[in-house]
Each structure stands twice: as structure tokens, then as C-alpha cells.
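Chain nomenclature is as follows: A, B, C and D, assigned in order of appearance, with residue numbering initiated at 1 for each chain independently.
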Amino acid sequence: DNEWMGRIISPVDYKYRRWEEFMGFLMIYYAWAYPFEIAFLKAPSLSGLQIAGTIVDLFFVMDIVCTFFVAYNDKTTGLLVNDSRKIALRYLSTWFVLDLVSTLPYEALGYLITGKTKMALPYYLLRALRFWHLGKVKQLFKRLEKDTRFSYFFVRCAGLLFVTLLSVHSAGCLYYLLADGYPHQGKTWIGSAISNFREENLWSRYISAIYWSITTMTTVGYGDLHAVNTRERVFGIFYMLYNLFLSVYLIGNMTVLVVEGARRTMEFRSNIQAASDFIARNHLAPDLKEKILTYMCLRFKAEALTQNQLIEQMPKSIRESICQTLYLPTVEKVYLFKGVSKKMLLLLVADMKTLYIPPGEDVILQNEPTQYVYIVVSGELMIINCDNDEENIVGKLTNGDIFGEVGGLCCKPQGFTFRTKTLSQILKLKTSDLTKAMETRPEDNTLILQNFGHV
Amino acid sequence: DNEWMGRIISPVDYKYRRWEEFMGFLMIYYAWAYPFEIAFLKAPSLSGLQIAGTIVDLFFVMDIVCTFFVAYNDKTTGLLVNDSRKIALRYLSTWFVLDLVSTLPYEALGYLITGKTKMALPYYLLRALRFWHLGKVKQLFKRLEKDTRFSYFFVRCAGLLFVTLLSVHSAGCLYYLLADGYPHQGKTWIGSAISNFREENLWSRYISAIYWSITTMTTVGYGDLHAVNTRERVFGIFYMLYNLFLSVYLIGNMTVLVVEGARRTMEFRSNIQAASDFIARNHLAPDLKEKILTYMCLRFKAEALTQNQLIEQMPKSIRESICQTLYLPTVEKVYLFKGVSKKMLLLLVADMKTLYIPPGEDVILQNEPTQYVYIVVSGELMIINCDNDEENIVGKLTNGDIFGEVGGLCCKPQGFTFRTKTLSQILKLKTSDLTKAMETRPEDNTLILQNFGHV
Amino acid sequence: DNEWMGRIISPVDYKYRRWEEFMGFLMIYYAWAYPFEIAFLKAPSLSGLQIAGTIVDLFFVMDIVCTFFVAYNDKTTGLLVNDSRKIALRYLSTWFVLDLVSTLPYEALGYLITGKTKMALPYYLLRALRFWHLGKVKQLFKRLEKDTRFSYFFVRCAGLLFVTLLSVHSAGCLYYLLADGYPHQGKTWIGSAISNFREENLWSRYISAIYWSITTMTTVGYGDLHAVNTRERVFGIFYMLYNLFLSVYLIGNMTVLVVEGARRTMEFRSNIQAASDFIARNHLAPDLKEKILTYMCLRFKAEALTQNQLIEQMPKSIRESICQTLYLPTVEKVYLFKGVSKKMLLLLVADMKTLYIPPGEDVILQNEPTQYVYIVVSGELMIINCDNDEENIVGKLTNGDIFGEVGGLCCKPQGFTFRTKTLSQILKLKTSDLTKAMETRPEDNTLILQNFGHV
Amino acid sequence: DNEWMGRIISPVDYKYRRWEEFMGFLMIYYAWAYPFEIAFLKAPSLSGLQIAGTIVDLFFVMDIVCTFFVAYNDKTTGLLVNDSRKIALRYLSTWFVLDLVSTLPYEALGYLITGKTKMALPYYLLRALRFWHLGKVKQLFKRLEKDTRFSYFFVRCAGLLFVTLLSVHSAGCLYYLLADGYPHQGKTWIGSAISNFREENLWSRYISAIYWSITTMTTVGYGDLHAVNTRERVFGIFYMLYNLFLSVYLIGNMTVLVVEGARRTMEFRSNIQAASDFIARNHLAPDLKEKILTYMCLRFKAEALTQNQLIEQMPKSIRESICQTLYLPTVEKVYLFKGVSKKMLLLLVADMKTLYIPPGEDVILQNEPTQYVYIVVSGELMIINCDNDEENIVGKLTNGDIFGEVGGLCCKPQGFTFRTKTLSQILKLKTSDLTKAMETRPEDNTLILQNFGHV
């Protein structure tokens, strides 16, 4: 266990995850820098890029060393392997050679041997092997997608944008490389537009390449820059085919995102539309129409707030913690539970449920038997007496008030109607759960009945 | 409370909402006028636009003043804040500076100081800050989307069209600005097509810019107008990238709209298809096939009409109002309830449900016990006697007729079969609900039994 | 009633529907011919088109006359209005003027007055009013969509294709008209490609216009033909904007169609995938794997065949007809019902349900009590005895065989296991339904019990 | 039966399916080779292609012969027809003529008659009839789609890619054919770019054609190669129209694939999002937040593993085999069943269900009556005593341990709480099922009670 703590790194370790994210961002840089370097290989003034490249190489060396100390999940057993020998063996037999070959400092080695500082194309191609690590960028985006701090929509868009930009950039650089390496300078895509293009400044050449690339990618295809020789046409054919599938993929993904985003609005609309149709077909009066539509809007809002379902699927321990945090402050205020032991209250809150009720709804109807006790958390309710076929408001309830306890504890029908005045959050407790809890704790039972008697 | 009524405006106030909508339309105008002005800055004959611009500025000043008096919803508590000091503080610490800077009359100030009437570019850029208010246009569309007087499909399309047109217009204007400001007139996108383009008339130049813009946006890309210098290419690159995501977004949105619109037809089709397959597989006779398909069509129509679900989710008070409006006129006609008190009728209609039944369906079968009483609202039913293994039509029922009451009140099986002849709207009332209501009101009970006995 | 039969035509009349369809096809022709005529107005050799046009006009006159005799559905009451005066009034106050103005033979009138045969442009524009009747084409497609003889996919595609082609054709013709009417022949889209284009033959000019139109519509935009003057550019701008929304609409519709088509395959795939994952995770043996996958495939097939749901939603009269056609021939063969009255059999088949059971499933298990009697319609079942912990096949069942009746009628557990050997169609009948039917008809009861006793 | 084995081939025969797949691949080759040959007909150096073509023809001849011996499913009865005379008649009356005409060696016949080796165009067109067999390629893809060894996503993409490539290739070849056959060489699409194009090498001409084709297909439309004469424009019009629908179809299909792939992630995201919203709205403490989110993640994982539903829909025989393989090894280890007969164990495992329970959940609560016995398959559980209002861990359970048997067999409440420590796989058995099984086998009953008593 000691060794584990000292030398082997867990893959879910906080610091290692940061390192992985950092390597992800490095890969993004590399994915941009590599095609650029290879295309404008002969340019003399890229010293800034080369220094950056060396630093990136150093980090990749560190990552290689690091990988020897990171535990891994065995695919077949699902268990974490933290034996350093097994880790090393696995890495050596899989990715190590690729990583090494793509990271070796060919330029420095070349300088030591031949005395020249230019890197040859074959060595550059070996470095392309590092693109296997693009998976790290994918992993980075996957992690961001699941991180609820960021909008799923924007992370997904950023991912799609990254893929698009990488394609455009790489294709543009390769396309320039094709023209640069063609024997007849005038018979290239860039040469037919700018004679002596090799003397142009770097920025202008790069922009031309990217301009062609994005013109093709977005299928605008002005035609001012286009393939001239067969080699370029073949490249163009493959690029266009790739773009076809990329753009189709982009569209598919975007549709999914938009569908998800529009779903709730659609649902709301179709409910409202159904209500409107109903009103129009039956020629209901304008004030009734207004009432119905207002109610529908509020109900939609209230539904979004209720989350009993979420609480219910939690295990018991978590559920209890949540209920204490949410309901205890309100329940302690209720006159019925004055002086009652905290243990009793905890028992009760564990059984409570939250309701969000839009205004104008009757929670309890006069003279109806009820099996629930209700506690108001927020909002306002009216107590209504409809004895003489007229409705008289006889009181109101706010935070910390309880109602339904008369019917519940005395087993007689409710004396008044309770109607919400504003959007109200209410706790609901089964009367049977309350009486059962009271039976198990005689001292609290006495207290509650005393409190109840005092009213 | 007095102050509230006098000086503070509620954000849901009818007049203020109209004002907000008006500001939304002003923003639409501004979004069009601003890029146009900035691009064709040097044109001498835009006096009309400048006057309009001054008027728009005045309205924006009024909006700034107005905002000091509009209550706002606190995000954390969800409550409306109507304390004028808090409102002012909040506005001053958030949007005020931006609004002020983007509305100051630089031209007039400049004239006062320097005596020149031309506005400089930096001041124009400051005015671009007002584009933050595009949110008001979004709000305008959101409100229209929820307004059921307009088709959701068209409001949404209009919104997408607005975004598209704004993009095309802005990009066109900026693109012209790039060419106008380029030192070498011939090496610009417009100069390479029209030499001495600055002497062309305004309309022709504007149309050229918009033509390029929309050609690029829709990816048509004829290539007759295209970027020539590096600066224009960089602009083109960003514009095409933006368009890629815009068009993908358009497609996604349209798909959602079409899906929603086609859902019900699809459902109907797949039902009819299933029936057709069934008929073909089992070689059913043509007349049976015709019957089945006709029934399926009518059932689909009837389903769309039934909206008990909608009524049931309303709170009790609304539900009662609806039932009275819809059912009372019919129920009053029924012979059984002649002379019965209105209170009794109200009790009964609250428990009724509407059914839409396609023709040819049996509502009650002969000799079967039934727990419901039915009242015909519209359509026609046949009374059928099938005693001798033959079906004889012995009568028909229309609006205001009741059936099932014999079985319900005498507890004996129904004497006839009741079958719909046309698409019929029928009220359904549980017999138990009827008898319960009768028990609570003895005088009405007597009347109903008398009415029943007279038949 | 006599008048109704004699002079007023019902809108759902078979012959009238045929006429409406014919008018729909005429409208399709007109939608093609009108833009063509207007664009190539000056061409001398369109006599064929003019003759066809006159014939079409005659049919439209007939339709105008016809409309005076067609009953209509009142929108507010939903009732059919067949009062000829009301019909005439309604038509005269709505569409009549439009129809008349767009059908008047201006050319003939003009010839009578001026003596010239050329029609002027204003008269052509009046004829464009007839495009309001494009709704007839829409109606035609709507009707075809609901006709299950044609694939929904292809009718929908044909509809989309029609809209596309109409757009392309109309835009092409209008674009040519723009060039034809431009004062400076060389500064037009076609004139800059072909000088003296007016001398070209008609076919070549038409194809050029359509070629430009479709190149723009599909956003290919080669640029060999493109707008040259401002007027053409304005036209192009609107056409491209229109195309943007059209193509987005096409994509949305196609996605919906593909989604609907792929749904069932997707479902099947995900079931099979779940089974495969399960097998792989638990390392099940290859023969068990084969068994599971085969069963899944067969079950999917069997599910598609079962359509009890469909039968159950039919009204009783139709349901009885279906059951008689499907089940009676098989039930009559069963030994138990030999000699039993047809009335009894009809009672029984009305209560039966079809099952499609994939091979290898146990319908009844040995020693288990059963509440159903089963009759084999098609396929084969094995009777299996598993007394000594070994399974012995002791018999087989095919069409017309009954099983489960021993357990059902004698109230003792089933003596054998019954397992399907092939995909089998089986009728299921509740034993209680059987005994209830037997009780109501004593003579059949005796017969059945005799038949049962003979075995 | 003998004849069947000897000469008639079943269509589901393993070898025949391989042959069909092979013919599918041959058709893919043919679909590529045929347009190529027909376009570059006059090229002298295609001897390689011609040899390959002859070999392909031989295989098609073999397939024709083969088809005479393959049984077929009768569409109306659904039965397999293996009568060789019926098979031959059916083939002769349907596809045979087409197959023969498209396979006849016209070149060889022509050489025998005229002495020339060039094949004429009419004969080539006859060979196009073989394209009816493209259905074999469709069948090949359909089969691959249902094969779970391959990703559905990639098989579907490959199918779409095949259609796209075939379209591009065929259109390119036909387009070249048009230019090649045009009388005026300079007025063709290729001739206007390369004068004397017929002298160009084959590769360059082919690439030019494909380049044009794909430029048009993807709607890039550079315009460097474009239709010049009317004939080419007509071809272009149809090709673009075809492409419009193809690309729309591609987009629709891709959307469906992406939707399916993203569904589960979306679901997970929206659950996590709902939890996050809940936490933020109620200001829950960070440690509670961490607990809730961790639990949600684990639960999502556990749900994916549970597959009782899958097992339950299997027929009894398969279900038993699965249960034995999965549960018997664990159940044999349980102390309670030591020495018990295998038959008894088989009875028990048939009634067991698997649960995957995320860590921290209480399986049994102290003092609660339980109706289940649980056996641990994998993972770890804690035994917790909460007598003095404190939770003490008094033991732990791993693979092969049983719990809940005290409460189940003695009918007294459970003495401890059992809580999962890691993600655990647990077998659940109803106590009533256990006691019923024990009753039927007295000797095993004694053993189990003995085992139970020893503890």
C-alpha cells in the first residue's frame, strides 16, 4: 500500500486528471502546429514555432515517463492494476514504441551527425504518428460534455468547430505542400493565380491555402483558386468526399442538439395550442380563456420545479440528508412540533414530499376527508368558508403554517377549503406516517397532542 | 403602495409590454441601418437615414429614462423589486454606461466643438455597443412564439429569416467597407469587377455587396465577385465559417419544425398501413376492407376532438366554469331534469365527461348492465332491438336525449342496444354520482323520480 | 331531396373526386406552361402550346360552372350546405371574380377589337391569378399521401420534387425574361455568354435558363452563367434566399421520412445488440448464443404479425365480421365442436385472440393449471412428457387441433407440456368464456361434452 | 428427401450465403468497371480490365446455373419450395432472359462472325441490364447491418459511401462519354479546358471527369470545368437534381444515426443536469452535491448492466440454460445449500433475478420484515448494526455469502442493515419460492434446515 501511495498514480487522481487535460490542450496546439510546419518547412523565420515545438516535445517526454507510473483498468476483469511491473509491460508492448518514435529529437540528432539543422521529410512523417494521441483531445471534450458547469450545447459546438478547423487547416497546409513540391511552378493552384508565389510572404500564402480550403469545405467554391494539375485534383476529390461526410455529420449533430433544446418549448406550445383550440371550438368567454391560459403557463412552470422523482431515486442515506437540509428549518417553525425532539422531526421529514402548486388550485376541499397534513414552505394560501353557498375568505396561511391536521388527527372532515393564492411550495405528510411516528415516541406524542390542544 | 402606482412601472404592465415590442422593432431597424451607414459613411446623400437615426436615438434616450422606473425580478429570491432606489442602483451598475455611451450624440457634440458634421469611425464603433440590445429582438420573437394567434411554424421561420438577413446585410456592408478603405482600388473584390467603383451609384454598390454576401452565405459561390487581397480573404474565411454553423443551425431548426408538423400525419398513416397490411394478409373481403378503413379515419378524427384530459388538469374552479358553459344548455333540455334546481344541475355537470364516438359503434349493448347514464349533445344514435337474432331499429336519439337511465335507476339490464349513426358527442355520467347527488337534495330527488315515472 | 339528387353534387362524390384529381393534373400542366409562355412570349412557333392552352382554359371554364353545383361544408357548423342559392352566393362572393378574370380569353377578345393576335403582358399577369388554384395540386398530393396503395415515402418525394421543379422552372423562365427585356443585350447574364442570344434556337435558350436556375438552386454555382446587371442581381438575391429555405425544408422533410423508415430496424438492432452484449459479458457458450440470437430474430418477426390490438379497437360489428372470416374455418374443424350450431361458434370466435409464437416456446407446462383453451391455426407443436425428468415427445399437433381443453373442462392439471416446433399461429380462448357460452345454449353444451367424452 | 439433400440448395445454407456475398462483391466490382469501360471504350490498353471482365462473366454464368438449384420462399404461402421443376419454371419466367442477355459473350461471338474484337455500343447497353443485380449489393449491406460484429454506424456509412461513389463514378464516366462523342471537340467541357484532350493519358482524363463529377455532387462547383454545349447542360441538370435528393437523403440518414448514438448520453446529461439544478436551487452543501452526483453516475452504469428484462423474454428452455451458467457456480458455494441435490439447485436458480446495486444503498433495513433471500455474486456489502442510534459495521459479505435467510426462514425481522460498499451483483430469490421448492423435495429440505441450524 505504501508503494502505491508513493509511486503509482491512480488514473482518477485529481492532479493526474489536470495533467491529462493539459496534455489535451498540448495536442490541440500540436495538431495546429504540425501541418503548418510541414507545409512551410523551407521558411527560414519559424524560430518561434521551433522553440515552442521543443517545449511541447519535452512535455510529451514527461508524459511518456509518467505513463509508466499510472495504474490502469483491466478490460476483462474491470479491476484497477497497480503493479508497476505489469503497467510497464503493458505500456512497452502497446504504445511505447509509437510514442518514442514520434518524440525522438531527430533535428538535434541530425545536427550532431551531419551538422545541418534542417529536418528531412521522412522524420516529419514519423512525427505524424503522434496524431494517434488525438484521442486525448476527444477525451478532453467528452469530460467537458459531462461537466454541468458548461452548457452541453456549447461544448458540443466547440468540439464540432475543433474538428472543422483542424480539417480546414490540415487540408490547406497539405494543399500548399502539393503546390510547393510540384516541378512546374505555374501549373499549380497557387502559381496560376500568383506567379512566383514562393517569394510571397508567409502570411499571404497561408491565408491563400486556408481560403481555398474553407471555400471547398463550405462548398462555396468560388473557383478563383482551384486545382490545376492531376495531383491536385486527386487531393481535391478526396477532400471533397471527406467534406461531404463531415458536413452531413455536422448537420446530424446540430439537429440532435436543436431537437433537445426545442423539446420543452414544443411541449409547452402544443399544450397551449390544444387549450386554444378547445376554447375556440367551444366559444368560451374571454375571461375564462384568460384564466385557462394563465393557469396552463403557471402549471408548466410549477412542473419544472417539482423534483420528488429525483429525491426518491437516491439511496436512503442521501435522501435523509437532503430532506433535513430542505425541510427541517420549516418544520421546526410549525406550532404542532414546538419542543419536539430533533430525532422525531428527522423521522417525519424523511417521509415528506414537496409539491409546487399553481395559484387558484384547491389543496383541500371543505367537508372532504383527507389523509394528508400539509405544511406551507413558501407562497400564500387562502382559508375559504363556503357554508352558505358563498365563498368567504376567513384567513390566510404562509411559511411555517400547517393545515389539514384537524381532519387528520381528529378523524373529522375538514372545516374549510384551502386554496393557493400564489405559486406555493408545500410539504405533504401522510397522516398515517405521522401517527405511526408518534406511537414509537411517547414523550413526543404527548407534546404534539398538547400543542394541538392549545389551539 | 401609492408611489408604486404613481411612478414605478410593472414589467408585465400592458402598456410597457407594447413599449418593449416597439423598442424591439426599433432595434430591427437599427440593426439594418447601422451597418449600412458605417459602410457608406462617405456618401453625401443619406440625409433621410440621418434624420431617422436621430429619431431612433431619441427613442433610445426615452428608453434609458424609462428603465429607471421599471420594477425588476430579483434572480435569487424570485420576487419583484419595486423600490426606485434599488432599481436605479441596479441599472447604473450594469447597463447604464453602455446605453449612454452608445446613444450620446457625437455628431452634434462634434459640430459644437470642431464645426464639422462628419462623424469619425471611432464614434461609430462606440454606437455598435447598442447591438447588445439585440436581446430585445430575441425577446420579441420569443413572445410571438408563445402567442397562439400566430402559427409557431411561421414565427420561427421569421426569426430564422431575420437572423439570416441580418447576417447577410452586415457581412455585405462590412465587405464593402473593406474594399472602400483599401489603398489600391483595383485590387479589391469590387474594383476588379468595376473599375472606379466609387463613382458608381449607391444602389448598385449596395446590391453588389449583398449579392456577394448572399452568394457566399448560400454557398452558391459563382466566383464573379470574390476576395482579391489577403484582408478580404481573412474576412471571407470567418464569414464562411460563421455561415457553416448558421446553415447547420437553420437545418436543425427546420427539421424540428417539420418533424413536429408531420408527426400526426405519420401516426395516422402508420395506423392505416397496419390495417391495410392486416387486410391484405388475411384476404378480407372488399366491403369489410372499406368498413375498416372508413372506421379508422373517423376514429382518428374523433380522437382529435376529445379533450377530457385538458379539462381534467384544470383546477376545480376553472373546471366548473367550463362544464357549465359546455354542458348546462344540453342538460337542461333533458326530460329527467325538468324543473330540477340549478344547483343540482351544476353538481351533475361537474362530474360529466365528453365522448366523441365515431359512427357504427355500440355505446350500450342490449342485456348488459351499465354503470353510466348518457346524454346526447350532437349527432344521432339508433335504438336497436336484437331480440330475435335480428336487428330492428326501433327509434333514434338526438340532442338533449338521455339513455341508459332505465338500467341505471332501476338496476335492471338495458332493454335495447344504442348505436351511433353519425359522429356523436355524448356526455357520460356515472350512475353512482347521479344517485349520490340525488341523495343530498331530497326535493330534486323527488322531481327526478317523478320525471322518470312519467315516461 | 329530389333537387339534391338531380342538380347538386356532393363533394365526396366519386365522380367529382375524379374531376378534382383531373383538375389537379391540369394545374400541374398550367404551372409548367404559364411561365414558359410568358418568358418566350415573342417566339412565333408556340402554336402547339397555344392550342393546349385554349383546351386547358375550356376545362377551367367548365370547373367554374361546376363549382356552382357543388355542396360545401360550412366551417362553423360542420354541416354540408346543399342549398343551390347559398352555394352560388358563397362562390360569387369569394373566388368567382378571381377565376373569371384569370380565365377570360383576352387574346380572342383582343383580336376581335384590335385585329392583332399577340397578347400583351398585363393580360398575362392577370392569368397568373390562376396560381391560387395551386391548392388543388396540394390537395391532390394530400389525397395520394393517405392512399395506402402508394408508398408514403414516394408520394412525399414526388411532392417535394414537384415543388423543386416548379421553382427551378419558374425562376429560369423569369430570369430569361429579365435578360430578354434588358435594353443592353450584351450586359445580360445570357448575352455575356452568347452574343446575339435572341437568334439562338428556343431549346438552347430554355436549357440555358434552366441550367442557371438549377445551378443556383442546388448551390453548385459554377459561375459560367451569372448575374451581370443590378436588376439580375436583385432577382438572384431573392432566388437564393428562397432556395436557402426550400433546401432546408427539403432536408427537414427527408430526415422525417428516413427516421420513420429506419425506426423498426433500429429497434431490432438495439435488441440484438443488448443480447450480444449480455452474451459477451457473461461468456455464454456458442450454442446458447446461437439459440438466443435465433430466438430474438423469430420473436421480432412474430411480433410484427400479431395484430390483436388492431382488431380490438374496431367496433363490435366489424370485429365480429373479422373473427368469422379468420377463425371460423379452423374452429369448425375442431373435434370438440363437431355438430355444434353456427350461432355457438360465432359466440366463441368473438372471444378468441390470435397468438404468433416463435419455435421452442412452451405454451402449456406439464402439471400447471391453465385458464385457456388453445386451437392451432398454422405451424406445428410437440406434445412432451417430462415425467421421469426426461423429455419424451409423445405426439404433435397441427391445424385444427385443440389443446388445454382437458385441464380447462375437467379442472385438473395438464398432463403434458406443449411446445412450438415452428412459428405457430394459435387461437386462445378463456375457459371461463367457453363454459359461459356453453351454459347459455344447453343443446350445444350436451354436444360438446359428448364430443369431449368420446376422446 | 434424398433429392433435396443431393441437388437442391437451401437459400439459408451456409455455403450458399457465402456465395451470395461473393456475388455481391463481384457486383460492386462490375458497378465500377462497367461505366469505366463504356466511357473509355476506344482506349486500346485496357486488356487487364477485359480479362477481369471475362472472369466476372464466368462467375455470372455460374450464378445463372446455380439459381436453377436454389429453393425459394413462396410469397403467398410463406413456405419453401424445393421442387426443382417449379424452381426452374419460376426462374425461366422471371429473371433468366435478363441474366442471359446481359451475360452473353458478344465480343467473342462478334469475333467469330465479323472477325473484329471491338464491341459495339448496343451490346454494351445490353450488358447494363445486369445492373438489376445491384439488389445483391443492397442485400449484402442489409446482412452486414444485422451482423452485430460490425458497428451499425460504420456499415451504414459504408453503404452511403458506396452509393455516393457509384453515383460520382458513373456520372463522371457518362460525362466523359458525352464529350468524347461530341462532333466539335473544342466545344465540350473537357475540350475547352484541354485542347486535344483525346491525346491526353487515360488517368488524367478519368481524374478530370471524376473531379467535375464530385465538384458538382458536393455542390462546390468551382466552375473551372463546366458544361459548354446544350447536351452537357441537360446532363448536368439531371445530375444536379439527382444530387439534391441524394445529399438530402444522406443528411437524413446521418441525422438518424447520430440521434441514435447520442440518445443515451443525452439522457445521462439531462438526469445530471436536473440533479445539478436541484442542488443549485436549494443551495445544498458541496459534500452532499458530490455524493448525489457520484451516485447518479454509478446508478447510470448499474442500470446498463441489469438485464433481467432480456432473460425474462426468453422461452423457458433458454432461460434455464442461462440461469445455470450464470448463477449455479455461486449458488453451490452458499453454506445453506451444501450437499443439496443439483435438481434442487436448478429449481432455485430458475427463480432467481440479478440486481446490480450501486454503492451506499441499503438492501435490507434493520427490523424490517423481508420477503427475499439475497446471494452476493460480486462486490462487497457491509453488515451494519444501528441499535443505539449509531451505525456500527459488524461484518462484511462477499461472493457466495447469503443474507436475509434468517428473516425469511424464521419469520422474524432482520437483525442488521445490509448496505453495499461497492457496485455489487446480487441474486434475489423470493422466500416463498424457496419454501415451496423445499416442500417438494423432503430430503433437500432436511439438509437445508440442518445447514441453517449449524450457524
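Points to keep in mind about this one:
Following the convention adopted for this analysis, contacts are C-beta pairs under 8 Å (C-beta built on N, C-alpha and C of every residue); 3 or more make two chains touch, one makes a residue touch a chain.
Please read these numbers as outputs of a predicted model, since none were measured by experiment.
Between chain A and chain C, the least number of touching-chain steps is 1.
By the residue-number overlap criterion, the interface of chain B with chain C counts as different, with under half of its numbers used by both chains. In summary, the interface at A-B recurs among the listed pairs B-D, A-C or A-D; the equivalent pair, sharing over half of its contacts by residue number, is A-D. Between the chain pairs C-D and B-D, more C-beta pairs are in contact across C-D.
The rotation that brings the Cα trace of chain A onto that of chain D spans 90°, given to the nearest 5. If each chain is reduced to the centroid of its CA atoms, chain C and chain D end up 29 Å from each other. In terms of their C-alpha centroids, the spacing between chain B and chain D amounts to 41 Å. Listed for chain C are residues 219-223, 251, 255-256, 259, each touching two or more other chains. Of all residues in chain C, those touching chain B in their complex are 145-146, 148, 152, 216, 219-223, 226-227, 230, 233-234, 236-237, 240-241, 243-245, 248-249, 251-253, 255-256, 259-260, 305, 307, 310, 313-318, 321-322, 325-326, 343. Of all residues in chain C, only 157, 161, 164-165, 203-204, 207-208, 210-211, 214-215, 217-224, 247, 250-251, 254-259, 262, 265-266, 268-270, 272-276, 278, 281-282, 284-285, 288, 291-292, 295, 299, 358, 360-362, 365, 389 touch chain D in the complex they form.
Taken together, the chain C residues at the contact with chain A in this complex read 219-223, 251, 255.
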